[in-house]
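Chain naming follows the written order as A, B, C, D, E and F, and within any one chain the residues start at number 1.
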Amino acid sequence: MTMPSDAGEVRGPADGLAIPRFAGPPTFARLPRLDEVTRCDLAIVGVPFDSGTTYRPGARFGPAAIRQGSKLLRPYNPAQDTTPFHSVQVADAGDIACNPFHIQEAIGQIDAGVQALLGSVRGVLALGGDHTIALPMLRAVHHRFGPVALVHFDAHLDTWDTYFGAPYTHGTPFRRAVEERLLLEDRGVHVGVRGPLYAATDLTDDRALGFEIVRATDFDQVGPAVILERIHRRVGDVPMYVSVDIDVLDPAHAPATGTPEAGGLTSRELLALLRGLRGLRVVSADIVEVAPAYDHAEITAIAAAHVAYELLSVLALPNL
Amino acid sequence: MTMPSDAGEVRGPADGLAIPRFAGPPTFARLPRLDEVTRCDLAIVGVPFDSGTTYRPGARFGPAAIRQGSKLLRPYNPAQDTTPFHSVQVADAGDIACNPFHIQEAIGQIDAGVQALLGSVRGVLALGGDHTIALPMLRAVHHRFGPVALVHFDAHLDTWDTYFGAPYTHGTPFRRAVEERLLLEDRGVHVGVRGPLYAATDLTDDRALGFEIVRATDFDQVGPAVILERIHRRVGDVPMYVSVDIDVLDPAHAPATGTPEAGGLTSRELLALLRGLRGLRVVSADIVEVAPAYDHAEITAIAAAHVAYELLSVLALPNL
Amino acid sequence: MTMPSDAGEVRGPADGLAIPRFAGPPTFARLPRLDEVTRCDLAIVGVPFDSGTTYRPGARFGPAAIRQGSKLLRPYNPAQDTTPFHSVQVADAGDIACNPFHIQEAIGQIDAGVQALLGSVRGVLALGGDHTIALPMLRAVHHRFGPVALVHFDAHLDTWDTYFGAPYTHGTPFRRAVEERLLLEDRGVHVGVRGPLYAATDLTDDRALGFEIVRATDFDQVGPAVILERIHRRVGDVPMYVSVDIDVLDPAHAPATGTPEAGGLTSRELLALLRGLRGLRVVSADIVEVAPAYDHAEITAIAAAHVAYELLSVLALPNL
Amino acid sequence: MTMPSDAGEVRGPADGLAIPRFAGPPTFARLPRLDEVTRCDLAIVGVPFDSGTTYRPGARFGPAAIRQGSKLLRPYNPAQDTTPFHSVQVADAGDIACNPFHIQEAIGQIDAGVQALLGSVRGVLALGGDHTIALPMLRAVHHRFGPVALVHFDAHLDTWDTYFGAPYTHGTPFRRAVEERLLLEDRGVHVGVRGPLYAATDLTDDRALGFEIVRATDFDQVGPAVILERIHRRVGDVPMYVSVDIDVLDPAHAPATGTPEAGGLTSRELLALLRGLRGLRVVSADIVEVAPAYDHAEITAIAAAHVAYELLSVLALPNL
Amino acid sequence: MTMPSDAGEVRGPADGLAIPRFAGPPTFARLPRLDEVTRCDLAIVGVPFDSGTTYRPGARFGPAAIRQGSKLLRPYNPAQDTTPFHSVQVADAGDIACNPFHIQEAIGQIDAGVQALLGSVRGVLALGGDHTIALPMLRAVHHRFGPVALVHFDAHLDTWDTYFGAPYTHGTPFRRAVEERLLLEDRGVHVGVRGPLYAATDLTDDRALGFEIVRATDFDQVGPAVILERIHRRVGDVPMYVSVDIDVLDPAHAPATGTPEAGGLTSRELLALLRGLRGLRVVSADIVEVAPAYDHAEITAIAAAHVAYELLSVLALPNL
Amino acid sequence: MTMPSDAGEVRGPADGLAIPRFAGPPTFARLPRLDEVTRCDLAIVGVPFDSGTTYRPGARFGPAAIRQGSKLLRPYNPAQDTTPFHSVQVADAGDIACNPFHIQEAIGQIDAGVQALLGSVRGVLALGGDHTIALPMLRAVHHRFGPVALVHFDAHLDTWDTYFGAPYTHGTPFRRAVEERLLLEDRGVHVGVRGPLYAATDLTDDRALGFEIVRATDFDQVGPAVILERIHRRVGDVPMYVSVDIDVLDPAHAPATGTPEAGGLTSRELLALLRGLRGLRVVSADIVEVAPAYDHAEITAIAAAHVAYELLSVLALPNL
């Protein structure tokens, strides 16, 4: 669809040789703000909302932490041999202000905010916030692109029905998305699932909703390449959305999250998987559940920033 | 009213010479659980609710942290020359389960839970939780005791009207309490207020609601004794409620809280004030806003546990 | 031997949909206390003892930390396709109070406490505490089951003789156990051993005591499946005890321990090994050396809670 | 001199009732950026430079931390009964990029950057950075206002001569300033000095340079009011500069600093002193030496943000 | 007795202008090791023992932490106008190795080690370790100087009798010292006592042992000068020992300790008290109960290092 | 060349059975100081310099932290079946004092200090400090051994040209080393490289300087054995230098470093690689970029200590 920008007119990050990385713009990767560029291909937007959290709250501070953890990101991505910040115009759109006391109002605000962005850019990367925000992201994506495939990295299924009577929480976005027909049928896959469940029916319910599961323990047998083959086969050649819950990583690699589960992926495994999404038609994405009060030395924030960087690298490719 | 229990039948905390303080019951101060005693005078109850928080969330883990921080509390209080755990029966009633996704439902659950307790005990000490919980505490207290005076230790007024359209948050409980006529007129006092406000009208509005303010900076001129005189004069000889927001302490003394303000009280000043409430007719109390994800070495939890201990010591006195 | 309980009468954990996981009972996995059930198959017991520690102390706070880290554990274990908390009655027996100033007295208290439990339950999972506690565990197990095989996950051999003249420390339990004939001959295996030793004779001495060693570096060559084959071959079809020192994990996965060594297992590897013990006749187990003062964001406590969960899942199986 | 702005045209901070304080602009106190306002009275500027540090480095991350710690600052200052963000236009000018590898080049860059700002605003508040930056601040202030008085809050004198042969470090700015005649004679005062020195001559040398010393221990005898009287008498009715090294606070109140000394001021004492500068002709100021890698729960950053707020409140007054 | 050394021959700390403070000798205050000097007046010795701890262990790492926290100490003490490291020879004697598994053996080792030191130096400053070590310190001091007065800074009395049957723990040293007639009658004073006790008899028992108590709350009424008058009157003109438990400080000022109690002294108050001991005949001293696993940014270690510095400053005076 | 010392005369570490590991000498691995031995084969030296750092400073405290993290290292290395501290004399030479304010002067001081050491020992292991120190290390090594091969473990290439005009920083040592002909041609290899770069030319420039790159992602395909084969083939039978930047590890394994990049090696992988250097002619080495202000529970310091231990084990071998 959209052609990559003419590199000549793209405004990249602040120059690390002129402005030290500990100084300068507080945007993601020191990129320009959206209001500083005349046109934009990819927008990064913070969604500081965590009122859908069931255990440790604090992901409302996630966008600020991921931006702070992104200061060392440089323009050339050798792992993908691309320059995502130069091949297209990427900009930081700031935060969407949303109501911490009314989940549904907040969901509406996020949907509206992302729809507005998708009116002028070709893809959005959301920095959460808790996983509740994936639902309004998918609504806005659906509004622009129609139903999409879903590749979902997470320790959890997030297809529960309700929690304390609430239909919209960080444990339910993908069930709601199926019910609202935001997703293409049988094109969804959870990757990295592990940890105890409420009941065996959690798995059968999830399957009935049309999802496939790649468990964290599958990585004990096979490498990322085999997993990626399953993902590619599942998704095929349709527009897709990528949702990354940072708790897909082991707590050693991502202590700062709301519902941590032992036995997760390493950051190297996750980055390999994200890079392997090349060739798929990723239209938008999120990275969620970074709760910085639990972080140490920015371990989690840095991992999330690298996740965002690889997602942007994939989003920056001409998507067929 | 209620006579102190006959000391002979009271069950006190687990014996620190038989069960090391790092072992044993996980109750507040190693006291018996409510279900372990046949009668009870004072109940401690956890209220793990923080969905009314406007900045740093996490006070939902407050009750667990305060209990953990209370392990060193011993039975004899030399500062008041009393044995609060032996003069009356004190017990830990566990937590009130409340809905993190519906503030008003949660308020109802807390009100109901505390009313139930006050049906059989003479006083309740709530371990928060954010300050939203003071409203249902006051409702339940009102149901049992009628309108009460209020002594409120806090960096903030907590008499704002709404926040993001929400009438029930941790910044509004005392305005709601006035509107609901839960408080006696002109018997309320905030102690320790400091930090920037939205506008000068915050102060006049608060005054119009019938509150008096003792600022943190007042402590630069006069000691606790003078402040206590003001409090006693304000409250007089009526039933009263004490609400302690841990952020009344300086962040050095209470880092683990949701809306910290520099320039606060020391823990020694606060404890002196609480001990000085002797002679007032305290009927119930709370200690709120401990957000342990921000704590270090239990500084805040230990301060809150000592606050709770002094409140219990006052509550344990025959209240006239 | 013991048949699994009739599921109908089993009391499982507090319901996460009725009582938020940040509220509710402070027991392991929110299970009932031992005094709340009329019968019990498996008991979890805290052993807060760390006076046998040679470097960083603090494992006395381990049981409290592991319980706090276990709040997210749900009843269905998809990795083993079992419901350990429903197929048998599991309950939390609280802590064994033991003397921090007399190691041998403490060992006697632990032995007595566990023997008492094993008089009415079919298996015990101990939450340490330092590794000293494995000796009284093995004594009590021997009293009930006779000599057993040992699968021991640890960075260290723990078969030293004495330390500063003391025969009972966290570095010596398995030498003592051999000397006391608590173990079956040639049925012991250490898994995950690494790090510098005093001398090459440490290895030959250990072998002379009848142990086999699986080194951490063995995992560089082969996966958990191959290691498990070695373990199964070693142990065979006899009653066995599992002892897990959390320092078998890399410090990245378990910072909060007393004698950390770089180059350890990941939590995913360890959980895979524990699940692979299915089919062996595990009669009791421990998880030790969690020293929470060194933890961050509960990384270690959560890993230990998952270890405990997988051990309970194996213990809950009908053991042949 | 400069008249306060007509309040009607002033742009204040982002509205906390529309944009949650954990969202929104990453500027100091959520104020507008300098490029967002058409005119500006007071500029806040970050100076992320710490290559002059002799012990713990890291103040290069100070500006980002102070801005993050300033999110709760509201527009009305009840302690001074002023609305600093509405009575004049205050804006955040971002960071001055300066060379971390050449101290003198960096000093030149800071001087130039602040001079440029002082060409269009009437006062600058610098967020350090280490104390080296006070020298270029004073150079730029001198360029605009001529020589000034100095009120310097610090545990240290910062009038050493050289360190490892280097004349420009965080321990020497005020000796250099005297030598360069940037300061008015006998109008300088250090407040809060404490801790061991190299020799008694440190004190006599300092006195010879024209400084008076208020020791931290003086606060044991007298309150802020008496100290303020000394300061006012010392400074009188001349233009003055205020330099606040956060290590004037006790490490309990400001752990995150480079050369901490026990026995310091409380944040309440410091804020009282700063408010008491009202009536003096403050023309510019700095708050330095916040090294956030050593912070916990933003204790230091919040204290520094409040220091900045009180300084801005004084700077915002019509200065005679 | 001993005359101060001729300053000409004294070897002071490593020069901070030649060897950066983050480099150089790992001794206390960068002083010479005992084996580097030909004669010595005052010896600093580490006593890394914490097996007498009843709650949080870890003071075994105290000596290393206090030394690390002492790097900024310079030779001239302006608060006492003395140069303790130049007026006499002070040296770091390293650590006394003592058995962590046998309290009484350890006590014997400490006694022997300190006696050996006191054979050649005139005073010893011990860096603990838990408070158990005060007993062998007093035994060695008694061996050299006969019975002494005691000034004891602590939140606790430390005159309990036994704990879990153990007569030698960190809660009992001063009762044992009285029983062993190591102390002069009616010349002992506890300063800073606060927090709950087991029973009112704790106070009467303590008084019967001959101690006077200055409570932490006494500081609310009077300043250090008045307290010091009480201390001087109590002690008079006899040889005395000073024991400082760092928990005399509020947890805000000393989080890293084993049995923290809210409501303590500030570091400024404690340092004022220690300086006020001038004129008393201090013969040896200790600073104990620093448990660095609970420290943050060295707050506690720095406070303890300053305590040690003021104690050395007093010890360095010609003691009459 | 140099023959291993006669084991009979070697002085090893302090005995862990006589002096607890939390007590005793503060040297690396409790080894003797250089001044305590009459001859020495391998010297460990601290180089506390971090003024070449571009992002998070603090590696100046690295030597102290690595020494503290080395206390558990015992004499026998089972992974290499060697006793490095007994087969040759290893000693701790303390720190090289170098000027934090003049990078080139500091480089000269380090060069001189290491040359002096290499005048009497056969190999040096430097504990950094930032990566700038590799240049003076290579200069001193070149002075003694002539040009060498380089095996460089790092997330980064460290062959940039200048930064802010400065030719000597932690990002440039190996370009300078090539320019100064300190390295053998085509014998250099970077291992573990990952993360974004400035431009694709970073890679081609590096290749033009004669380096080969083993990327972190290569470890996804092949194990350490294959990587080692590449390294051995590259280096061959010439004298070589090993430089280990701790950021080659994933931030989970080494949070405490200046420029962390997600997706790194595990400590187990790195230790396997270092052990596999056996058979190569390692003449000296460094371990750099440990910035302890960002460490937690010594995770990074312990990993670095193990790195140092394996390097010493290789250095202790008779090198052909």
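Note that in this section a residue touches a chain if its C-beta (ideal position, glycine included) is under 8 Å from a C-beta of that chain, and two chains touch if they have at least 3 such contacts.
Nothing here was measured: the structure is a model prediction, and the numbers come from that model.
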>> Starting from the defined contact criterion, work out which chains touch chain E and chain F both, please.
In response: C, D
> Moving only between chains that touch, what is the shortest number of steps from chain B to chain F?
Replying inline: 2
> For chain B and chain E, what's the span in angstrom between their mean Cα positions?
Replying inline: 37
> Using the average of all C-alpha atoms in each chain as its centre, how far is it in Å between chain C and chain D?
Replying inline: 55
> Quick one: chain B and chain C, Cα centre-to-centre, how many Å?
Replying inline: 40
> In chain A, which residues are in touch with two or more of the other chains?
Replying inline: 20, 22, 54, 56, 60-61, 100, 163-164, 250, 252-253, 266, 294, 296
> Who touches whom among the chains?
Replying inline: A-B, A-C, A-D, A-F, B-C, B-D, B-E, C-E, C-F, D-E, D-F, E-F
>> Per the contact definition, I'd like the list of chain C residues that touch chain B in the complex.
In response: 18-20, 22-26, 46, 48, 60-61, 63-64, 67-68, 94-98, 100
>> If we count contacts the way the header does, which residues on chain F are in touch with chain A in the complex?
In response: 54-56, 163-164, 194-200, 202-203, 215-217, 219-221, 250-252, 255-256, 259-264, 266, 294-296
> Which of the residues in chain C come into contact with chain E in the complex?
Replying inline: 50-54, 56-58, 60-61, 99-103, 163-166, 169, 293-294
> If you look only at chain F, which of its residues touch chain C in the complex?
Replying inline: 16-17, 20-22, 71-79, 81, 83, 223-224, 250, 252-253, 266-269, 271-272, 296-299, 302-303, 305-307, 309
